[in-house]
Structure formats: C-alpha cells, structure tokens
Amino acid sequence: MNIITLTTDFGTRDWFVGSMKGVILGVNPQAVVVDITHEIPPGDIRAGAFALAVSCRCFPRQTVHVAVVDPGVGSQRAAIVVKTSNYCFVGPDNGILSVALAKEKVLEIWKVENEGYYHQPVSNTFHGRDVFAPVAARLTQRVLMDSLGPPLKDCVRLDWPKPKVVGGLLRGEIIYIDHFGNAISNIEAPAKSAGTVCVPDKVQCDLKKFYQEVPAGQPLAVLGSTGYLEIAVNGGNAAQTFSLKLGDPIELA
Amino acid sequence: MNIITLTTDFGTRDWFVGSMKGVILGVNPQAVVVDITHEIPPGDIRAGAFALAVSCRCFPRQTVHVAVVDPGVGSQRAAIVVKTSNYCFVGPDNGILSVALAKEKVLEIWKVENEGYYHQPVSNTFHGRDVFAPVAARLTQRVLMDSLGPPLKDCVRLDWPKPKVVGGLLRGEIIYIDHFGNAISNIEAPAKSAGTVCVPDKVQCDLKKFYQEVPAGQPLAVLGSTGYLEIAVNGGNAAQTFSLKLGDPIELA
Amino acid sequence: MNIITLTTDFGTRDWFVGSMKGVILGVNPQAVVVDITHEIPPGDIRAGAFALAVSCRCFPRQTVHVAVVDPGVGSQRAAIVVKTSNYCFVGPDNGILSVALAKEKVLEIWKVENEGYYHQPVSNTFHGRDVFAPVAARLTQRVLMDSLGPPLKDCVRLDWPKPKVVGGLLRGEIIYIDHFGNAISNIEAPAKSAGTVCVPDKVQCDLKKFYQEVPAGQPLAVLGSTGYLEIAVNGGNAAQTFSLKLGDPIELA
C-alpha cells in the first residue's frame, strides 16, 4: 500500500508541504500522498490530534498517517512510528497521535533514530521534510520496523476531556469548531436520538437528524459525521452566531 | 479512466476533503483525485455550479466530476449521477451540476439509491464522504448505471441569467469575482473584439486583448480564460478598486 | 519521470489550478502533479522565485518544475523551458525561474513557440492552463527540446540582494516571511554557529540551534530549513511581534 496522509500546521502559503512531498516521491515514486489538512493552528497539538483521529479510519488498511504539529522540533522529543492493526502512524512523540491511537489496537511503538532514513542534511527546524516524510515513505516499502530504532513501551498521551453524567444531564465540552462554524463536542454517539442540547447562557436547541429539519437561520444539535454531537445553524455559522468557543460546556438533556 | 475531480464548499481547514479521498482510495486505490476548489462560499450553489462549468472541460473524457455544495444534506433531495457524452457528473440534485450540463450532451440521469455503494455508516450531515465519494469511485470501475438506482427524466436546473440586447448595448451582469479581483460577467464570447464596457456608476473601460495593454493600475475589459467578458485592473484588483459586486449590470457598447 | 510541480499566484479559491491539472492529465494521464504553493501574492515574482528556489531540490531528478507568476501574460514576454543537470523548469521569462537556476547547472534554454503543444483555444489571460501546463506535460514524455521553439542564450535574471560585510558585521535583509511569522534573511549558511542577530530598532537576539532553546515567547535566530538565517519567536510569530517587514536590514555579529 502506497498511501500516505499528511496532517500538519505548515499552512499552504509556503513551500513546506510541497517539500515533504518531494522527499516522499524521491524515496517512493509510487507514493500517493493525501492532504488531511495543513491548516491546524500553529502549534495546536490538540486540534491536530482531533483532525487525525476523525479522518484516519476513512482510509484503507496499511495507509501511513503522518501528523506533524511539532513545536519541540530540534529538541529532545522523540520521533515515533506506531503500528496498529490497521495503520502506521508517524509523528513527534508529543501526543498528536494519541487521540487516533485511542481507537486503534496498538501493536508496536518504535523510536525513530536511524539517520540512514533521513533526508540529508537534517535541519533543526523542519523534521516534517527531513525525518517524518522520508520515514513515512520507507514505511510504504516494507522497511523492517526494528531498523528504525529502539522499541518503546508507550508514547505521550493527551489528556482528553470525557463527558460526565451530572444530575440526569450528560455534560461535555466543545472541542472543535469547523469551517462551517459547527461546534463539535466530546459527547460521542449519544444513546438518545431526541432531546435538548444547551450551551449555558449561549444557546439551547433540539437534537435533530439533519440541518434542514429546522428553519434557515435556526440552531439545532445533530450527531455529526465524526460521531460526536455538534451544534449547528441551518444555513448559518453557529460558532459566530452564539459566540461558541473551545472549552464551552455543553449539556444534553 | 481513473480521474475524479472535487468541487465543494468544505474548505481546507478541516479533514472533510481528506476523508472523501480516503473513501475514494478505499474503493479504487488507482483513483487520481484532483481538487477543483473547496473554497466555494458555504452553501453557494451558484458559485459551485459556475466553477464546475468553467473547468470541467479541461479534463480528459470519462473523468468523473463530483460537486458537493449541499445545504439540503440529509433531507429528501436526491443524489444523482449524470452521464454525458464526455463525462460523468455526481452531486446532489440541487442545480449544482446544471450549468456544466448546459454545455454537455446529456445521455442518462440516475438517482443514486443503492446503499451497497455507500460508505457505512452513512451520516446525515456528510454525504460528500458517505455517498458521493464512494459512488464516484465506483463510476471509475465501470459500474452498471442501472445498479445505482432508478433513471430520472431530468434534474434541477438553476435559473442562469442571460445577457440581453438593449438599445444597441449588450447588457449582462457580473456573475463571479475571482481571486485576482477580476469581475466575470455572463457575456460570453462577444462578437466584438473592440468596444467600451461599462458598469454604470462604477467603471468604464475599453475592451482589450490582455492586461498589459493598459498602464499599471488602469481598468480594462478582456475576454477571459473562461470565455466570458471580464473587467480587470492591470496589476490590481478590479472588484476592490471599483466596488464591483455579484449582480452588478455590465454593458458592452 | 512523471512528476510536475506547480508554483503560482492563482490562489485556491477558483478553478485555475484544477484546470491546469486537467490539461496536464489530458496530455499525460500518468503525471503526478505536486503543488508547491498557489498562494504567492498576486504578481509577486520575487516571492514565487524564492519559493521555487528553496523547494525544487527536494524533488527527484528529472522533475518538471512549473512556476507561473505572470503579470505580463498575453504580451510579448516569452515562455521558456530551462533544462538543467537535474530538472526542467517551465515558466514565463520574467525572472521567476532565475533564483532556482542560480543553484543549478543550466544546460539549455528554449523559447516555447510550438503552438502544437498548446491547449486550444489559447486565451490571452491564462497561459498557466493553455501553455505552461501542456508543455510541462509534454516534457514528461521525452519531447525533443528543439521541437519547442528556438534556443535562447540566457533568460531574465532577478537582481537578488546579497549580504555584505560591513565593519565586522554581516549585513543582509529580510527576503521572505513565512506562515509562522518567521522572517527569513538572505544570509546563507553563516560560518558562525553562535552570535547575535539584530534588526535595528526592532529586535536583537542570539543565534540558536532550535526554537525551544529559548523560553516560550522569546525571540531567537536560527539557521532555517532553507539554509538561510531567520528570526523566529519560540511558539510565536516573530514578524507580527516585532513588525518585521520585507527589506528590513538584518545584522549578524
């Protein structure tokens, strides 16, 4: 399998992503590189971890998923490869892989230390190009995992908020706001298919199946395509309309 | 032919487009997916229809063109596949395909109902990933059209403005403003190669062949690369300079 | 080799880049097209030249690099192909290729005049689609160079600023500000690995190896991944914090 995905905070304005792809194609000219996104806010490991987690399983087995939001580049933080029963994940060991890994069966974790796999000369500021890209390309070529470096017992895990039951309510928080202004919560696949959803002091609305069940401009809650409860406005931008922000509490009654 | 194009309002900030590509590659690992644009303003079916119409014919025959600007996702609007003498088009039946279809010879229209072709589980908010992407990938694999669902006699057509001759003038309107601030009209391939173009109360300029025929900073009209008359500023942004807006009347004398 | 890179100011909002890819795939369905960036500021030939120069060498040999920032489109400026010992470069003869060429061994320069290689009909405003894309695709197919048009002795070269030694200081200027707000100078691979870097009246900081060598929010200078000295803020945006601008002098002591 030759598919490699990229999730980064490199933006698309400069040459960073193109450089990574050049290095990948230099190692494996058959590689098929797919951008998840390069617009993770600079340094926002949590947003990168979420984007990777909610998209990685759309890809066929044996896809190599690369995620690089890497404020510690050049320091002692490790570069790691994690092999699961479905995929290989590659990135800095700062938690960016951990939300995706929470739904995968982890088989092996390796620290990447074999400089023979790097793009030379290795810079201190762009391991996306010099370390993660060429290692990912090698992984599409049946490289032996133990040639990467030493095995690790575990990797850095982000402390991810979990919803709680509080007095009959299910209370979570807003963890991502998307391009459409939909506010995605950490309440996953709620058992209820009807109910009332509330962000205290901001908005209250009903749980519906799809956007056009309410009139244009009106708010609703839906089970979004990621499997999480989200607040939307039919034909509008919920986050802007109701000043919804990351971390806002959200309650399902 | 393995080429699939994507025209959407999903933006590039999140994982939506990457997810569609993952689903496509899961069905057909040989697919070559090309982004037309994902920056159609959210819900703007007309802009999506225009972007598709003016780019689809650059692609080789048998390309599968997918367009998803879909405010009615999850409701009763149909998903359709339209086979023309050149291409297959896939999208919601809300008019987004219709401007492209107006220049194609339509052979067959099918309503997509075969859930065996969907990405499971099907969400109510992201048919780009769950319906249109996997169906497009199937279409690159010589799927039988009558296995998609029932045939349709027609599909939703947008009411597209046509220019009119008014007292010796050809009068149209501005239908798209591009990244450079060029204001594209609905006046197609005018017979004249010289003349005066006017947006009343805003700007008047001469019809020229290319931008640098006027001094830097000066306005001109040109027959643009889409085949439509447009107003530009040499080295500048016409829409900003002259406050040009969608729907503004434009006259060629 | 089937790899073609694209560096343009076409933006990603419209259908321009997709149209180029459609034309390329129509000529060579095996082409692998990689975006360097399409967000060069409109008409900014220098920024395009720099982006191409610092990324082109990440790609395998025989890659065809296309760069189109082309305010003179439709006028008498030539379209050229430059063959170096590593790559083919394609673009308008306005200097956009010249910064990359300064590090390459130039073998041949050809003016493109063979309209048989163009996408018909040729517009006067979009040679990216009608000239550069199809010619690049032909170049992946071992087209004979002398079938393109007449040879040229040289091409337009940008006047690129060089750093100078002034009283014990190495003085250069800021030539690019990236997505992270890092301010990249024209001081290449300085011999020193320690020292003080100063933008007069704006910021003074020490030369370090990587970002996290200074506390969060503090400025530093690093040898960036392009091989040039740059000013950054650990976890922040140096250009915004210190109002750094293109052309600002920068001194290494």
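Lettered A, B and C in written order, each chain numbered from 1.
The definition used in the following text is that contacts are C-beta pairs under 8 Å (C-beta built on N, C-alpha and C of every residue); 3 or more make two chains touch, one makes a residue touch a chain.
Source: prediction; values computed, not measured.
A.B. asks: How would you label the subunit A and subunit B contact, same or different, if same means the shared numbers make up over half of all numbers there?
C.D. replies: Both copies, subunit A as well as subunit B, present different residues to each other, with under half of the numbers appearing on both sides.
A.B. asks: Enter the angle, 0 to 180° in steps of 5, of the rotation superposing CA atoms of subunit B on those of subunit C.
C.D. replies: 120
A.B. asks: I'd like to verify one number: the distance from the centre of subunit A to the centre of subunit B, where each centre is the average of its C-alpha atoms, in whole angstrom.
C.D. replies: Roughly 30 Å, centre to centre.
A.B. asks: What parts of subunit B, by residue number, touch at least two of the other chains?
C.D. replies: 12
A.B. asks: Under the stated contact criterion, what part of subunit C meets subunit B in this complex?
C.D. replies: For subunit C paired with subunit B, touching residues are 10-23, 25-26, 29, 33, 42-43, 71-75, 119, 123-126, 129-130.
A.B. asks: Using the touch definition from the top, list the residues of subunit B that touch subunit C in their complex.
C.D. replies: Contact set of subunit B toward subunit C: 1, 3, 5, 7, 12, 32, 34-39, 51-52, 54-55, 58-60, 63, 178-180, 209-213, 222-225, 232, 234-235, 237.
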